[in-house]
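Below you will find the structure I want to go over with you.
Per-chain residue numbering starts at 1, and chain names A, B, C, D, E and F are given in the order in which the chains are listed.
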Amino acid sequence: MKNIFVTRRERFNAAHQMWNPKWDEETNKEVFGKCANKNWHGHNYQLFVTVKGIVNEETGYCVDLKKVSKIINRYVIDELDHKNINLDVPFMKGKLASTENLTLSIWEQLENKIKDLGVQLHSVRLHETENNYVEYFGEQK
Amino acid sequence: MKNIFVTRRERFNAAHQMWNPKWDEETNKEVFGKCANKNWHGHNYQLFVTVKGIVNEETGYCVDLKKVSKIINRYVIDELDHKNINLDVPFMKGKLASTENLTLSIWEQLENKIKDLGVQLHSVRLHETENNYVEYFGEQK
Amino acid sequence: MKNIFVTRRERFNAAHQMWNPKWDEETNKEVFGKCANKNWHGHNYQLFVTVKGIVNEETGYCVDLKKVSKIINRYVIDELDHKNINLDVPFMKGKLASTENLTLSIWEQLENKIKDLGVQLHSVRLHETENNYVEYFGEQK
Amino acid sequence: MKNIFVTRRERFNAAHQMWNPKWDEETNKEVFGKCANKNWHGHNYQLFVTVKGIVNEETGYCVDLKKVSKIINRYVIDELDHKNINLDVPFMKGKLASTENLTLSIWEQLENKIKDLGVQLHSVRLHETENNYVEYFGEQK
Amino acid sequence: MKNIFVTRRERFNAAHQMWNPKWDEETNKEVFGKCANKNWHGHNYQLFVTVKGIVNEETGYCVDLKKVSKIINRYVIDELDHKNINLDVPFMKGKLASTENLTLSIWEQLENKIKDLGVQLHSVRLHETENNYVEYFGEQK
Amino acid sequence: MKNIFVTRRERFNAAHQMWNPKWDEETNKEVFGKCANKNWHGHNYQLFVTVKGIVNEETGYCVDLKKVSKIINRYVIDELDHKNINLDVPFMKGKLASTENLTLSIWEQLENKIKDLGVQLHSVRLHETENNYVEYFGEQK
């Protein structure tokens, strides 16, 4: 069985803030530093979604990346692009707006939708800056 | 006279919003689209500052880039990084938070400080995304 | 007068071939090397379009980049993307499919349309590979 | 046992077309969209080949990358660069010219030749655009 | 258990030479080619350090990347940046200055320090040029 | 007259040191900081050479970039790649090994050779790191 991995990059620009509402301002500043700025800051996020499957003999494709792109845009990018991650994004409600939580939530948004295309979601990788990124491969890994 | 051009890149992550306070919400949405999101969005900005001068025979440098970097950080990056361009930045007060206005204001912040190093500010180039950037060369060009 | 320069990147993927129909195969191979391959080869082209203007006080923009992008897509990208530059592109008919000629033709496609936006086309830069690119600034430069 | 992974990047520029000869034109257009353009289109492909082995104490190398590069160039790049993947490439004969099939075929081209160097082929990653890439790790994974 | 992977990039510029002191000059030149240049050559190295852990509910972080960065800088970058890998770096003493050995040594420098942060070092990836990189995942993989 | 600008990128990896032999060690350390490390450090330099000319009607080229590349390799890259800029490079003898001086010397190496191809050398741009680069356009600018 020749498993093959196909990756699609999408991008979004969003504002956020690192802030734990259970803590006072001083503690938030101490833990999160300048990421706790009250008036927000923001990033050009880059998202890499990898799916795993076998090659379809009729199409030569593991999966049609146009369909993968459409799903990512509908369930992730449209929710995040030009938004405030702390305030505007239903699937981030009640969660700290870290790249880690964002990555886990994007996985949840995509897992079943990707399965409906006949392939398996393998990983979600999210770059916050050119120096920092987070990756999640699902619970079984 | 061998004029030579030296460029330093610095980066900052900031939130902003495109919004003209003289207009109602509908007009702002019409003109600025999703950039007018009330709860802000943000970017990883990349700033390229180019100075012009001749080579110093003692150092082989046109200018010490460590000093250029220090000036850019003190007068630009420290004011913008992990900030809200509309709310937190004194030198952007009363201006629309476009990349154009930001570029012009960064020029003003830097021009005299760079001159104090014995070289001339040649251009300020500011990248908002991988697809959009703005450049200013001063009024004489 | 504060002239400011704004740049938009767009991309297209196309096939082409370097071939002078006035020459025999041997001469074409000699001059163009492997670029003369009869069955074509191709590239991921990157196009950078720079316009020049002053900042509009109402919008903070030199020009609305969404409009610039729409013009580039309609008059350039839609004509070139997933096409054969030698066979499929009306504005390249009768011209050798070099990056130079492509750059000049893209300038012609865009010059008046950009002027209609109230700004001036300043340069067209076209990257064929990560090692090669061509730039045109109009005839007056 | 300290297994270490070493990766070499090579590049090639090629034309291709997505087309299933068993289908009529309408079906091909429906499934493959603009990738089915009759006159071809093309890409700057980037290929990343990763090998796995232990460090040789005499050389400090896992493998001499100059030798890896020579093999990739002889058995892959020379066959694909400035070529038409559908028409010119013996090891793609009879296969749909997708990035997936190309990745699997490149693995077959390289697997034994890499083994002759005393290391194991670990993965082949092929980037078609800055947004799409495919990866294969062999059948056992 | 949701394991998540977080990566930090750091950079250093260093000189080195490939040279086995047990061999004569001719053999060194034969094996290492121009990398054996007696007067050294150098690189802009890029280092990617990946750690593995679970998300802390209080912070939303797997680990505070500022702390990871501080460790990498203290135990790796400060030892290597603007240094000669063969002559100036205690942890490379007696080892051939290959990217492989450098990667293994960086792992040793970091493994326990990263563990002290409550997460596990997952991989060290070191890029020597845009075409070559080495990766190590520890002995158990 | 349609002047067009064509750019070729080449790369080299070299060691160097910032050191003014007229000064004592203390002054060198004070002025050049860690760049004055006695045992050298190094970089992956990226060189962009831009030529200016008109398009040849027979070839569609401003100039054959294969010939430009050959000249850059023969007169610049072969002299610098895997070398020590202070010790090994005849055209840098007696000059401080700054990016500025290197850029000026590369211009001198190339100017006449490029003219022999029927085009004019327009600029030499040399990147030392991803944050620093130097550009020279000749004396008349």
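By definition in this document, a residue touches a chain if its C-beta (ideal position, glycine included) is under 8 Å from a C-beta of that chain, and two chains touch if they have at least 3 such contacts.
Since this is a predicted model, take the numbers as computed values, not measurements.
Path length between chain C and chain F in the chain contact graph, taken as the least number of steps between touching chains: 1.
Looking at the partners of chain D and chain E together, the chains they share are A. Relative to chain D, the chain whose mean Cα position lies farthest away is B. Greatest Cα centroid separation from chain C: this falls to E.
Look at the contact of chain E with chain F and you find the same residues on each copy: over half of the numbers used there are shared.
Each chain gets a centre from the mean of its Cα atoms; for chain B and chain E, those two points are 34 Å apart.
Distance between chain centres (mean CA atoms), chain A to chain B: 29 Å. Of all residues in chain C, those that touch two or more other chains are 130. Under the contact rule defined at the top, the touching pairs of chains are A-B, A-D, A-E, B-C, B-F, C-D, C-F, D-E, E-F. Of all the residues in chain C, the ones that touch chain F in their complex are 18, 20, 22, 31-33, 95-101, 103-104, 130-137, 139, 141.
On chain B, the positions that touch chain F within their shared complex are 1-10, 50, 55, 58-62, 64-66.
Contacts from chain B toward chain A in the complex involve residues 11, 13-16, 34-35, 37, 39-44, 81-84, 87-88, 129-130.
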